[in-house]
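The two complexes that follow have chain A in common; it is paired with chain B in the first and with chain C in the second.
Let's look at the complex of A and B:
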């Protein structure tokens, strides 16, 4: 019955599309001969295309509904759980039983893993994790040696965006603050290095921490006026801030050389050795890789710490967090400052890689792109954000053969993703705490009511 | 006297939601604040806990082993640090955090570690984190919701969510607990076990409890003193029996003159 209705709906939709697109797709006025051309074959294409498209769409929607139906209570676990799990976790068994994620936290990742007899916990076992990490590192290190310079270059830019996305993730993914001006800090980092290099001949390695520090300073400067703002208001102010930074960079020509930008910025050096261009690009790749690894490490630690917890609580309910004694002012400042640090580092690296920067590199589009990476990947989820960044940078590169339709395909993919995976590719899951049996206090009088 | 609110008023534009209210609370008491809808009870709580800065009046506290402090106009987190913890009328948990994490947030103002501790995980930070987990779990057991430890707060049954709010408030180590309609939406059985919990908190934790409640039987069972508000003003104050028979209170609730 359902299928019949879907077919009817799709047919209606196809008819509607034919009407809608008729004037532009079918009729063409030939202005030279002053005749009208009727391109009927296009009408057929549209009707078939929209009909099939609608059917596919409906199919996926139905599947999604079937999966996302009302979740069972914690006590009755769904059928797709591995059989060896206890049906219910008795309170006192927390230490001994392997903790399964509570049902509602299971995402498609968990379901997929369960199907092949694994879970996220599998990857936390050293026997699995260590070889995996070593293999990933091996691939990452071998990458520039086995691929072309062109590929390495693309990867450097992808890695820079991974840093940026992870940094923004601190503000948006953890703190829940809609920050639309992130590119401003990226610009601050890049210009810090470019200017120091241009005027004082400061090298990359010295500029790296300076860029991070200056960017952090700007992060705090922005955070102070926006402390009271949330949601849309915060988004508007941060957006405005980013534009101010860009406009200042464009117009303060005596210092920044204005729209024509700063040229011949030095590439990273390696203990004073003189490097060929390809060596230099490989070096940049390894620096980017190193910084990304440090970023992942730090963000991971932050997330699983007091400050990470404060930020998440603040993002969930600012007022409740404050009432419970969380110093939200401090937490917000910290989030903005930390986020800015990564943007600063990425900026310095960016300037040294391209050797030329101008304010056009730091348009609002840049902030939006970084934001999309975080949202697409899964807010707050480190693997998700990394995947999001890699996809958004690499996909357009490899879609180049589609040249003129590249952005169209890209946009369509994004929309489809967000409809079917609104929590992102790899959704964030809250951390579960293992309580050791000896940690569990002996129930005293009235311990359990 | 561990809480002393004097002449507290709160204006919203032209509306005076709280009008020169004087309330005092002594150590170890259970005191109730009642009144019809919109009387200004929640607003008064908000003035005491720093959510609002009162337009007029002062709020001072004296912790059981401390000196008198003026807390008027302090930030909510500073007031929580000083030992006043509250729950919310419309439950305000952190819905997408686990139950344990919700309580851990309550512990937050007692923690010291900062960003560098988080990154380098020095022994002190690690010990602190372990302690927080342990303490939070202990509180969950005490409140009787430890079986939900790793569930997301939003998936808890309603009664358990109310209890989790109390657990989270307890985690801040308060000496005065302010409960805003803790029994709202609970069934009679849940309400009875809430009674028991509140009494136990007083006897075992030495807490003083100040609660807003519409459930009169709960108020009558638990509280030693009752304050009654109507249209922002205090209209009566006394022991439960006095309040029950006070014509002014009856009139406020029924909206008509009963003396006739």
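Let's look at the complex of A and C:
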């Protein structure tokens, strides 16, 4: 019975979508020759697509509902609560109740590992961790030597996006602030190097820290007006800031050469050696790899540092964090500045890799693309964000024929992730502190207090 | 001081302001009810314009009389846009009504990106010429600097505002909308069908957005899949300027923004036209975060 109803519902939905998408999908008007093209075959596509889509959607919705949100933690309460509680509970000093050691939430990763007899702790043992890291490094170093130049080039761009995504993750994943202008800092880094190189012939290695510093300056500049803002306003102001940067880069032609961009930017050099094109691409790869490793190291350290914890607290609840003594002004400034630093580094690297930049590379959708990586992987989860960036850059590269649908899929992906898996592919694990159950004082049933 | 230029800029500012107002209403109403920036609102406006363009072309080829073409195209654009608005809410926002606001915002951005590319792939990424739907009105020749499409835009905006005010102030559904925006849970307890109210809000917002989309496209004369994004952001700025959640505020903010942009582009530099809106937004949020007509609210803990 239930499946029948489900099918009827999906059929109705398919009909709705056929009507809904009819004008845009089916009719196509050629305004020059004044002819209409009717593309009826698409209607079939829509009906089948939305029918199947609806069934899948409903299935997952049911499953999500069955799993429920956070389960009530009944284990924490004594099983035999007295039936008639006294009207007034005695004041209990919960503050002094001892806390259990932090419990880490289990995610599907842990459950999967447990099935093969392992846990995350397995990977923390040096005997396991060291060979794994060495193997990963080995693969990463051997990669450009065994694959073609084309593959290396793609990997460089994937690594740049890993840096960007990890940088944005500081602001979004830890600080909980929706930053929609991240591409602006990327642009600042790229333009810093391009302009210095164009006008003063400054090399890559000198420009790298300068790009990061300039970008950080812009980060602080943006952070000042948004200090008082939260949520939506913050998102829209950062978006506006990014647009301002792009418009200025486009229109200030005397400095930035306008929309035509800056060309023949120098590639990175290596102690003054003259390199062939393939060597210099490999060098770029290793620089990108090195920067990514540094980034990963820094963000791991950051996460467990004082600043990192302050950021997480602020992301959870601004006011509560302030009440607990977190200097939210400083935390916000730090998050924006740190995020901007990585964007600046990535920007310098990007400019030196492509040797040509123009303002079009830094549109709003670039920021949204980086946001998608963070969201897909899991906000606040470092392995997740890395996975998200690699997936979103490498998959479209290898699915070339489908690349025109890339943005369509990204848009749908953002919605689907938010509806079904808001924590991302590899969710961040949060430490939970609990009061030790036996220490919760239970009022006597007699109520003589 | 060149009077003719000044008057021209005034009218073009008012035109912009009217269109922003039609869009900003949708933002402000949705925000008032579910505290969400509906990023995809600009896309609904764009889809309205596209539907109208497609329908006009079809009816022109079918040789319908001019007035019928305008009326039918506008009607279909409005109906379809509101269907899009409704579906949008059901897919992207309703399942996560109780999730953190960041989720809804990301979902909204995803929806905006999706709809833009849906139109790009199903139609075209080129600019399409949009027919002049609004006929010349002879008696307006007496007013220098005002053309008939601008006049029609003002009148339509004014009429829509009046209808909307009446709807919200004096009807049952308006009352439920106000109740929902004040306190959703309480409204639910008092027997308001909150989900229906939210859907209706999306539909009303989409209707005004579609009207704005069709009018401005006919005025400017060309459209592409990207027009909704910037217009949407600016309309949001206008809504914030006036105080988000306040309907008269959205209208006031839209006119202030439209005139500022128009005079800024005319007297300072048209290259930086789009910058004014964002600078305005930042300044307003720093000095008067609740907007021109908004009520200052402290955050509940």
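The rule we apply is simple: the second predicted complex is superposed on the first by the 306 of 449 C-alpha atoms of A that agree within 3 Å, B and C clash if a C-alpha of one lies under 4 Å from a C-alpha of the other, contacts with A are read in each partner's own complex, and residues count from 1 in each chain.
Going forward, contacts are C-beta pairs under 8 Å (C-beta built on N, C-alpha and C of every residue); 3 or more make two chains touch, one makes a residue touch a chain.
For clarity, every value in this text was computed on a predicted model and none was experimentally measured.
**Student:** Using the touch definition from the top, say if A:365 reaches chain B (first), chain C (second), both or neither.
**Tutor:** second
**Student:** Considering only touches as defined above, state whether A:239 meets chain B (first), chain C (second), both or neither.
**Tutor:** A:239 sits against chain C, while chain B stays out of touch.
**Student:** Given the touch rule stated above, what does A:112 touch, chain B (first), chain C (second), both, or neither?
**Tutor:** Neither partner.
**Student:** Return first, second, both or neither, reflecting whether A:138 touches chain B, chain C, both chains, or no partner chain.
**Tutor:** In the superposed model, A:138 contacts neither chain B nor chain C.
**Student:** Should A:49 be classified as contacting the first partner (chain B), the second (chain C), both, or neither?
**Tutor:** neither
**Student:** Could you look at A:259 and tell me whether it touches chain B, chain C, both or neither (first, second, both, neither)?
**Tutor:** In the superposed model, A:259 contacts neither chain B nor chain C.
**Student:** Between chain B (first) and chain C (second), which, if any, makes contact with A:326: first, second, both or neither?
**Tutor:** After superposing on A, A:326 lies in contact with chain B but is clear of chain C.
**Student:** Shared contact residues on chain A, chain B side and chain C side combined as an intersection?
**Tutor:** On chain A, the residues that contact chain B in one structure and chain C in the other are 319-320.
**Student:** In the complex, go through chain B and note every residue touching chain A.
**Tutor:** Counting only chain B, the residues touching chain A are 49-51, 75-77, 80-81, 85-86, 88, 92-98, 100-101, 104-106, 108-109, 111, 113-115, 117-119, 121, 125, 128-129, 132-134, 137-138, 141-144, 146-152, 155, 168-169, 171-172, 193, 196-197, 200, 204.
**Student:** Which stretch or stretches of chain A touch chain B in the complex?
**Tutor:** 71, 73-74, 89-91, 94, 99, 101-102, 104-105, 298, 301-302, 305-310, 312-313, 316-317, 319-329, 334, 338, 430-433, 435, 439-441, 443, 446-449
**Student:** Spell out the residues on chain A that touch chain C in their complex, using ranges where they run on.
**Tutor:** It comes out as residues 16-17, 19-21, 23-25, 27-29, 31, 34-36, 42, 61, 176, 178, 180, 225, 228-229, 231-233, 235-237, 239-241, 243-244, 247-248, 250-251, 319-320, 364-365, 368, 371-372, 375, 404-405, 407-408, 410-415, 417-419, 422.
**Student:** In the complex of these two chains, what residues of chain C are touching chain A?
**Tutor:** Against chain A, the touching part of chain C is residues 35-37, 47, 50-51, 53-55, 57-58, 60-61, 76, 80, 83-84, 87, 91-92, 95-96, 99-107, 109-119, 121-123, 128-129, 229, 233, 236-237, 240, 269, 271-272, 274-275, 277-279, 281-282, 285-286, 289, 299, 301.
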